[in-house]
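One chain, chain A, links the two complexes that follow: it is found with chain B in the first and with chain C in the second.
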Partner chain A sequence: MTSKFAVAFSYYFKNYYRSRSFYLMLALIVLITAIMSYFSFRYQGKIDNFLSRFDSAAINASLKSRALDYIWSFVLVDIPVYAAVFFGSPSISSEIEDRTAFHIFSLPVGRVTILTAKYAAAYAVTVLISIIYLIIEAVITRTIYGTLDLKAFLISFLITLIFIASVLAFTFFISSIFNRNIYAYITVLIIYFLVFNAVDVITSLLYSTTSPFLLNNAANIIMEVFVNINLFTFSPTISLSPAGTSQILLAVAVMIVYLAASLAAAAILFENKEAK
Partner chain B sequence: MMEISINAISKRYGDLVALDHVSFNVKGNGCIVLLGPNGAGKTTLMKIMTNIIRPSEGNVRINGINVRENPGKALEGVGSLIEQPEFYPYITGYEALMFTCMIRGISREKCVSEVERVSAMTHCRDYLSRRTKEYSRGMKQRVGLAAALIGDPEIIILDEPTFGLDPNGMMEIRDIIMKLKREKLIVLSTHLIYEAEMLADQIGIIDHGHLMHFGPVEKQRYLEVRGRISESPIHIDGVDIVRRDDSRLVIRKDDGIENWSIIKALEASGSSIETFDYYSIIEDLYRNNVSQNDAEM
Partner chain C sequence: MNVLFKRLIIIAVAVAIVVPAVYYAISLNNANQKQSDPLYYAPYDSSMIGYVNYNGTHLYVFAQNRSFGIILDTSSLTNLNFSKIASLTGNTNLSSSGKGSSFNITAKTNLSLYASYRNYNIYVIKNISFSFAGVSLGNQSVYLYEDNGFVVIGNINGIFDSINATINGRNAVSYSGYINTSANVSIAMFNLTNRFVRSIYVNMTGYNMTGRLVFTNYTYESYFISVMSNIKGFSITSVNDLSITFRMNDIDITSAYQLIGAVNDQ
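On to the complex of A and B.
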């Protein structure tokens, strides 16, 4: 017999992939991918100029392909964030605002099952959207330079999957605090793009280092596994080598902490949620 | 087993007391109607019964299982329709019913026939293939009722089930409830006295969060007699006078006493009877138990 989790997952997955949010994200991804593809072909010569600023002796096809992947990943790190805002921010608050909780809460199924099934469904659609971008990224890099650093690409891909899980969990947590979708949307955007950046700027100024505990900084590892350049802070790191293992593990650990803490908090809040 | 125990349930929102130590126990088949004005606490009580909200104090046990502690188990045999139902917008009514059925642990094959059964019963089959965001209020109400009946639950909790329906729809739903209550325990809320009269076997009257009255409805025991009522004292064995004036008499009779024998005795005492009919005791109960401002709403 199909488990309650599987039944709920399939139900939520249908509701997500048929939603306007999904088709809007899909359209945006197609547009962004088209723009990135165009500029990759149009301005491939600029990669050499970019790399020669750091070390012109090290330039070869492999480095150039990693540099192109770095540029593609520069955009990729924000895709899960926007997808999470679309799919995750209203995930719990909408149950109250749209009054669907009256039906769902009264069914003989645990709320944690509902939460995890909904989370898994949102994760699946976000991965689906991100994969489109990643596949095109690999195809374009391979087409232009005749090579793709498969190891770096796979590591970047796996970290993207973990990042999607953590940023989505974070939006679920924020959503479970509120009973109105708009508050959840705004709060997620403010925390991720304003609060995190403000904290990062302050710690950079005070301690001349990035804040590794911030999720947006941890996400940069998705790019840095290709070339270890981070120009976002007041203490930039510049290396044409890929990020080291310790750097990767630290970023992944941060993501997993966000994932676990956010899901646990969301589960507690959802368990005690009331549809008044 | 069909049993619901409401044990000293209170619900507070800050200073507002939505329910204040409400207790009652119901067992076996029949229809329990919770009657009260808007905002009395009926829906709050039903939400606590179905785990949508948590009580501030007290507990609800369904078939002996505490809803708060083990909602999955307690609500296994319970179907419910609370407030006006809403479903996820991008799924069809059919998918919503299949989900409701399968989440109850019923196999997909059985669910197909189960959805067929309940949708035929509630007359919502024609639009089940449409997405729920396209539904009118009445359509949602019918699909919501179908969802409450799916899996043939032994206990059904319905919060104003005829709300939003046209007159035909209201009659159909009441007919369904009349049939179901022969085998199931139904708890239903309404603020319509005639609906309560039609459906109730037991009635609970709630006002300002207090359970003012709870007990069986003795529908067939009350008669309202109209005509010229004699001024002389009336003594009929097994009959009590509840209300009396020159042109109207309300009486309560014991089991086994025929209406015609009462009329005959009244006419023998000098009264001239024009009409008689069963009397709505629920309306009396309501007026006696609900504060006047609310009762006039």
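On to the complex of A and C.
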């Protein structure tokens, strides 16, 4: 089974990194990274202005580097989502739409093996793309401020890896529902950017807090490990300290729930799929 | 492998991961809701929020027109001796047991249950006398309640406002950015009715102070700058529209009074 998984993984991995989606994402990442690098050098004084609004005495290179990493992570939290939409949304629906299901379903390989291999391949390419951004983030921060909060950076990096796994699993689940790619694309985007945000606005209005059980809010911890600022509510909370351990564990637990539930649902739906 | 058996394994594995994770997330969220942030117990419409770090004991204060309160994190009470408080009152009628969420105050004479309000027991300490910075108050009554390891002490309106703030979610957690907990004393005052200053943010560590003032108009701002520029140790670090940030080194009681006087246009 392991060798079957390895063969399927290498096949899908090649398939992904040779695809137009991968090069489009790569081009986007290079562009975003270049823009962020330019802004980091051009407007670094703005970080001082922003921080001095709270406490001018507390400003030091370490705090400024964390504030810069916060801004970089602000963009980073959406990168896995777009990558997941590109790589995850058509993952299962395309097998039906492109009629490749006729070939792969007849192979002597279990569907769970096919699903997990495809998921692992999508995960690998998404991580590859995100790592480019993260490395440049670390280099730029270190270049500008001469320091990098390595602990916060590594925590943010690890949570990003978990978040990628989680959001990809979610898109695989949505993809397993549909037989057309376009429906999977649209549904993922609507759920993530419309439904989650609508629920967020409602809970913000009613309870003055964001719902921690939504995946998009859990993802915010990727930036909050640097500086605990939550701007996505009607009463923004701002603390110059990093997010606390319980806040991090809560976000990770939410991501794991989405990951396990989505993968299991995707596996069961994929088992029931019929080639048409 | 049987398809049904395979599905059962997938569901079992998913349930084995999801159920404990959901339970853990809910319990963490409930604990977070209860908040480790003391400002959870301060009302949203407080006009003053303050923080005091006295030898490792952390106090938060809040005030508005008719109410005030002190929020005490009992987990930081390592240096606070209740027998000293009791001796201040002239009675030895307070005793404490435990700390953290199991913090209790045992009443002997003066501490008594005052009322139960929205499922919180409010206690009253009658005839308490204390003096601080030359101001003496005698035979006062203070009220207090305890929740999640935090004790809120204040006047009765302060206690009611604090309880309402926690239950209604209209608390001052969002103001935490204005408080610097690495300072010994940090004070933020908003929406002041003062004619000259709209808001004041001050942090004091040792004898050094940094702060920010937001004035109501340019006349008062320039007046303040001209008055304060003559005061020893005072320097303005930035001026941005009606907002100025300043630093004051080696602050003493005279320069503190001069600063207060200048803020009040005296």
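Annotations
The definition used in the following text is that the second predicted complex is superposed on the first by the 274 of 276 C-alpha atoms of A that agree within 3 Å, B and C clash if a C-alpha of one lies under 4 Å from a C-alpha of the other, contacts with A are read in each partner's own complex, and residues count from 1 in each chain.
Going forward, contacts are C-beta pairs under 8 Å (C-beta built on N, C-alpha and C of every residue); 3 or more make two chains touch, one makes a residue touch a chain.
Remember, it's a predicted structure, so these values are computed and weren't measured experimentally.
Legend: residue contacts after superposition of the two complexes on their common chain; A:E274 is shown touching chain B, with no touch to chain C. In the superposed pair of complexes, A:A253 makes contact with chain C only, with no contact to chain B.
Set against each other, chain B and chain C differ in how many residues of chain A they touch, and the higher count belongs to C.
Judged by the touch definition given at the top, the superposed model places A:S52 against chain C, while chain B stays out of reach. Once the two complexes are overlaid on the shared chain, A:Y11 sits against chain B while remaining clear of chain C.
After overlaying the two complexes on the shared chain, residue contacts for A:P212 are found with chain C alone; chain B is out of touch. Contacts of A:R42 after superposition: neither chain B nor chain C is touched. Looking at chain A, you'll find residues 110 touch chain B in one structure and chain C in the other.
For chain A in complex with chain B, the touching residues are 1-2, 4, 7-8, 11-12, 14-16, 18-19, 98-103, 105-110, 272, 274-276. Every residue of chain A that touches chain C in the complex is listed here, in rising order: 52-58, 110, 112, 207-209, 212-213, 229, 235-241, 244, 246-247, 249-250, 253-254, 256-257, 260-261, 263-265, 267-268, 271. The part of chain B that touches chain A in the complex is made up of residues 13, 47, 50-54, 71-76, 78, 80, 82-91, 95, 99-100, 102-105, 107-108, 131, 144, 147, 157. Within the complex formed with chain A, the residues of chain C that make contact are 1, 3, 6-7, 10-11, 13-14, 17-18, 21-22, 24-25, 28-29, 31-32, 36, 44, 169-171, 173-174, 176-178, 180-183, 203, 205, 210, 212, 237-238, 245, 247.
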